[in-house]
Amino acid sequence: MALLARGELRSILQTQLPNVLDSRWDTQATDQVEAHGEGQTVLLDFDAVVKAEAIVEVAHFVRDTFGYDFLSNITAVDYLKQGLIELVYQFYNAAEGGPDLRVRVRIGRSPEECIVPSLTPTWPGADLQEREAYDMYGVVFPGHPNLARIYMWDEFKGFPMRKDFPKTGDKYTHVTGE
Amino acid sequence: MLKTEELQINIGPQHPSTHGVFRMLVTVDGETLVDLKPVFGYLHRNHEQLGEVNTYLQNMPFTDRLDYFNSMVNNHAYARTIETLAGVEVPERAQYIRVIMDELSRILNHATAMGFMLGDMGAWQTALLWGMREREKILDMFEYVSGARMMCNYCRFGGVVRDIDDWFITELKKLMQGLPHYFDDFEGLLLNSEILLARARNIGVLPKELALAYSVTGPVLRGSGVAYDIRKAEPYAVYDRFKFKVPVGTVGDVYDRFLVRIAEMRESYKILEQALEQLPDATGGFINPKVKQQSLKAPAGEAYARVESPKGELGFYVVSDGSGSAYRYKVRAPSFINLSALADMCKGYTIADVVVILGSIDIVMGEVDR
Amino acid sequence: MTLSHLATEDVFVVERNDADFRAGQGMTKGLGIVFRKFRKALFGKPNSDRADTEGQFNVQYPEERLAMPEAYRNMPILLYDDATGHELCTSCFQCERICPPQVIHITQAKDPATGKPVPAAAKFVLEYDTCMSCGYCAEVCPFDAIKMDHDFELSTANHPELDVDYNRLLRPVSYYETIAPTMWSDVKEQAMKKLQNNIKRRPGDIGRDHGQKIKGGAPVAAAATPAAGAAPAAAAKPRGPVAAIGKNMPEDKTAKLLAIRAANAAKRGGGAADAAPVAQAAPVVEAVADAPAAVSAAPTGPVAAIGQNMSEDKRAKLEAIRAAKRAERGE
Amino acid sequence: MNPIAIGVFIVIALLTLGSGIMVVTVRNIIHSALWLIASFIGVAALYLLMEAEFLAVVQILVYAGAVSILVLFAIMLTRQVTGEGVRVVFERWWVALLIALGLFGVIVPTLWKHGATWEEAAKLAQVGPAPVEGAANSLQVATATEIGRSFMGEYLLPFEVVSVLLLMALIGAVVIAYEERTRRRRVLTLAEELALKKRGIVEPRDAEGAVMPREAEGKVILLDSEQA
Amino acid sequence: MADALTQLGFASWLSVLIASIIKVTLILVGGSVGMMFLTWYERRSISYMQDRRGPNRVGPQGLLQPISEAIKTMTKEDATPRDADKIVHFLAPVVMLGATVLSFAVIPWGRMFPVDLNAAVLFVIATGGLHSIGMMMAGWGSNNKFALLGGMRGVAQLISYEIPQVMAIIPVVLMTGSMSLQKIVEAQNDFAGLGWYVFSPVGLLGFALFFTASLAEGERTPFDIPEADSEIIAGYMTEYSGMKFAVFYLSNYMSNLAVCFITATLYLGGGNGPGVDALGGIAGGLLSLIYFLLKSFALFFVMVLIRATVPRLRVDQLMSFAWKFLLPLVLVNILSASFWVALLRWDQQWPKLTEWFGAPSTADATNWGRLAIAIVLTLLINAGAVALIMRLTNRNVQKHLYTTDEELALGLS
């Protein structure tokens, strides 16, 4: 049980769980790459990007090996230009204190790709956050007991926090067909 | 053999004790709760998207509206995030001022939250109104420094908007003369009241083993016996300079949360005393003058900063694309995530307990429905 | 679980007293405390200090009011100089840009002769209903032209009325001085200096016509100056819970004067078309005329009586301006 | 009796009878129970008219206030009352008629035969010395004192037999209810589930997914109502 | 009154009718005015407990506030749910108010008795029991789940607490030897008007038990479960508005007032007090009325104080309190009351006692020796019973404090 420094997790995962790292982001050359979202430059972090299907395994690994047992925050970010949705899982070590450990998952934006296994069975606290990510970004979490819209009404179409969601006009009148 | 019918009842969205427009779809067997589904979204205004449209400074007053009881804390957390992102130095005096405001917020939040919880329990507003009286006094002081009682909009990047002066400090000292009396009265009123014990002991138990898995934070987590306080675990501002204790419960029931909140008010009081003592003079300034507030541009990257809000871990996760506004702006709202434990905590108890358990989590719908 | 980031002495376990023998002693203690509170509130002295936790705490609102701290911010207002009638606003659009809910809408004034922009606003509309009182506009204004008002009694049944235009936003500098003396004295010098510079670049009545085209005579608002000046510069710091408030006085008087002037102007104008506005304005004038009694009573006691017809005053003012406009057209 | 009393009697008697008829004719079973209450109150009023105050009050206290409420409770707890169409089934009306007629056949001759005796007894009691201070001054038959004396003297045996019978009923009800409760489906709280999980017990669930009642390692899991 | 009218030349039936109408009017007016005053009184006192002022605008000290509120509620829209049982929904408040007003018939106003019923004590309880019918009707007739839940809770509570309430009266009836309120008041007139039952051990326990049970009967905190606003909104009153709601409210407060009156009569000597007998006549009657009202409103103040202090119980706790705490104590109290009566009244059964202490006490001569024995004996019995029950209750609570087992008593490792 020890605290990990920023960026340390990636090298640990490379040696201990080599299959979980997402090979697309497996570059040693630089730690960050310029990416584009809505015409502006965004820097994508390379720290511990894991495959979507391996997230449960990695989460258990950091919990059991290093004591990162407190899943604090799940953030979805839409990188429109890259066609990516990134999920940032932030773990804390409740016993040691200290800063967070970020585990990332990058998946495509299309409905077939936008799937990440749910952490809710182990961390019930992820329940509402995953529902929020589903509601706002359309990330589907297989294994979630009740993956329904959380803020928007059930009949709502589209995912309002995605960058390509129209920000003008009255969505409600559009949906009801008035 | 007679079989009892299960009954579905909607508690809310218009109900006296859902603390706002919150709905719980409960299934009861007699009075025993079988299932509970929380329903959100009645107050949803897509705060996070507003944060992506606004400039960094413009977003500050919107954070007031999250947890409208503790706008000072929200400002602090948000300012810290942007300061981390943009690498802004904060003068020491500003840090102390922020700590003072945070701890005052904690006192006022706990005073009213406990009052509301007791109100849900049926104690007719007495504890609440005594708490409101203390809250009024504190809000008057907030009004004096920030210009508004609840929507303070007080922090700026690299400091606070206005310095505290002698008037504030004398009034704060006067307030602190009265606070221990209030704590004593409050404890004496209900802490050992047999009815409160009957209603609060062993109700809504969230065991220590499960508390972390439920991602609950703040008094709910500490009430379950996990001594995790961000002020100690990852000290921010100047919290590492104060001596204070982290109160924890043992069982994790409503009563423990209640006791932990009262103990936290007393600890906040100690922090206030020390902060007043250590407060540096005004030579260092109360705001970093180098920061261009209106046209602040953060380098591309991401930042997450969190503070111990009275309700739990309040964090802002901001991704910057180098422009003047956030590319992604996410709020880790404590009362929202604490709610994920509600359904399981209520299961097996009666309907009357549900409102008490909800009250003991201490939610604010402005934060839950963002 | 070991909590290695916390020293043992930094954690304490709250006392639950689970094993205590309960015979109603806790409840009795609570009853005793409540009874003590009752006694203190009924017979003791009222709560007057932040250190007090006993005694009456209420403030009887319409009669008693808490003093507003100087920094209090409710809705933005625009200032004009009492002496010259010139507005401080130069329509630099800083406030429009920073406003988080985007409720400020400014149109810059143009020199009618040359068509060039003039440092003054031709139109200035502020949506009070959407304003979130963050105070950024006042913070960023380089000319100290926009300030936050202390008047919070803005409730109205007439929603569109809350899109406030130039005329209703303007207050004399002396009014602001009464509500925030130290804050104004800090910036007074530079603000006035900047104003003098701007006045030089303003041809004709632009910048002091308050969005109206009033030819000849003193600016309308100048009439209000004596009244506003007479208002005592009360110390605004909330030393006690109750303090004298006289801040609404200048407005009342302004409204009254404006109404009377408008009525006179209308009479001068004569025409049948003007009869209606006069008739409309007349009852309002009467309503306002009742106010002085209350106003004059104000400074005597610690509790200030204030005309409850705030919105009516404002309507009267508005009505008066309209009447003046029509009267002018009639001439 | 003065004419007012007679008039009042006729009105009350008609109301009582009318409510009684409504009880058996009305279609909604809850309404029927409410009519029953009305009829009970009518009977109490008749007692009051006879200056049998104690009986009247007990009639209201026991019948109108408690028995009828028990009837209502039983109806509400066993039927879906919030929905539509609560109907009284009229299939065996002739049985009811038979019982009513039989009861009538018993009561009327008894009254006929013993009416005179009772009146005499009443007169005797009126002239006799008041046994305890506070005894009623009018008809003694129905006062609390007389009733108490008869129960503890003349009718002691029947009184005790009835008490024992009631006690048996009480204990029986408790036994039935107790069994019912332990077998009831109940929902485990989070802490209980955790405690079971720690001992490696996976809770048995029924088809609907609710936790089945069971004894864990010989230890009965306490029920909510016992915690108070 | 009827006699006086007959002497004035009215026909006997007419004089009875007129007298009855006058009495009924007085009761109704007195009850409603009392209720109005009560709401003001409660709100003002609870305000002071909470450091605020309470209603103080309408009329002097806000005394006319209840009137303005009555006007407000009466002029509000009277809504009936579409699917409600219209007639039952309409009749429920009527039944409630009717039952309450009935109980006012026997309440002694100081030394003035509207009706001196023989079974007056039971009568009050019985009319209180009728409330449950009104509650049931309201809960069922509203066709609302919250209302039904509230109605069921209310009825269960009323029925459960009727038993300790009635049984708590039995000691008083035993000590007086009558169920007439007038007799009970007269029996407490010893010791210069201070021979109240509450000063005896039996009466003290009885008073505490009766008052507690009456709080539950009157739906006061901590027993306001049927209308627990934070749980089931307003219970059986959820679907009521306007005038019907006002009637419910009126009935509620009137029954609370009646409870205070009855408690004052049963245990606090009614209108008795020093100086009443000495004054005599109309002045004495007035003084007794003042004493009576003072006692009643002091009792109501205790109700308000409790309301301002404690939270409400849960339904199961309410039931176990009635059955496991109140009922045993009430039974013990009956036992000690019979000892009391036996020691003070009987002589043949205990000839030794008569030998040592003389004949049992009568109204005018008190046998101090017997009185002392009675006080000591009953005090011992009652105190012992209270201590025992409390110990049992505590043990029960301690035993079941942690749901499953000691594993849950988690400590900080």
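Chains: A, B, C, D and E, in written order; residue numbering restarts at 1 for each.
To be clear about the criterion, contacts are C-beta pairs under 8 Å (C-beta built on N, C-alpha and C of every residue); 3 or more make two chains touch, one makes a residue touch a chain.
Given the structure is predicted, the values throughout are model-derived calculations rather than measurements.
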Next item on the list: Return the chains common to the contact lists of subunit B and subunit D.
Entry: E
Notebook entry, point to check: When the mean CA coordinate of each chain is compared with the mean CA coordinate of the whole protein, which chain is closest?
Noted result: B
Notebook entry, point to check: Most remote chain relative to subunit E, going by C-alpha centroids?
Noted result: A
Next item on the list: Averaging each chain's C-alpha atoms to get its centre, pick out the one most distant from subunit B.
Entry: D
Item checked: Cα-centroid distance, subunit A relative to subunit C, in whole angstrom -> 48
Next item on the list: Please compute the C-alpha centroid of subunit B, do the same for subunit C, then give the distance between them in whole Å.
Entry: 32
Item checked: Chain centre separation in whole Å, for subunit D relative to subunit A (CA means) -> 65
Notebook entry, point to check: Once you find the CA centre of subunit C and the CA centre of subunit D, what distance in Å lies between them?
Noted result: 70
Check: Multi-chain contacts in subunit E: which residues touch at least two other chains?
Finding: 49-52, 145, 308-310, 314, 316-317, 397, 401, 403, 408, 411-412
Next item on the list: Enumerate the residues of subunit C that touch no fewer than two other chains.
Entry: 1-3, 5-6, 11, 13, 18, 22, 27, 30, 34, 37, 47, 54, 57
Item checked: Touching two or more other chains - residues of subunit D -> 189, 191-192, 194, 224, 227-228
Note to self: Can you tell me, using the touch rule above, whether these chains form a line, ring, star, complete graph or other shape?
What the structure shows: other
Margin query: By the document's touch rule, what are all the touching chain pairs in this structure?
Written below: A-B, A-C, B-C, B-D, B-E, C-E, D-E
Notebook entry, point to check: Quick one: in the complex, what on subunit A touches subunit B?
Noted result: 37-38, 40-43, 45, 69-73, 75, 77-78, 88, 90, 92, 94, 97-100, 122-129, 136, 146, 149-153, 160-161, 167
Next item on the list: Would you tell me which residues of subunit C are touching subunit B in their complex?
Entry: 1, 3, 5-6, 9-18, 20, 22, 24-27, 29-30, 32-34, 37, 47, 49-54, 57, 66, 69, 71-73, 97-100, 132-136, 139-140, 148, 237-238
Check: Which bits of subunit D are touching subunit E when the two form their complex?
Finding: 2-4, 30-31, 34, 37, 53-54, 56-58, 60-61, 64-66, 68-69, 72-73, 76, 81-82, 132-134, 136, 143-144, 189, 191-192, 194-196, 198, 219, 221-222, 224-228
Note to self: So in the complex, the part of subunit B that touches subunit E is made up of which residues?
What the structure shows: 7, 9, 15-17, 31, 118-126, 129-130, 133, 189-190, 193, 195-196, 198-199, 201-202, 205, 207-208, 225, 227, 248, 250-252, 350-355
Notebook entry, point to check: What residues on subunit D touch subunit B, complex-wise?
Noted result: 77-78, 80, 180, 183-192, 194, 210, 224, 227-228
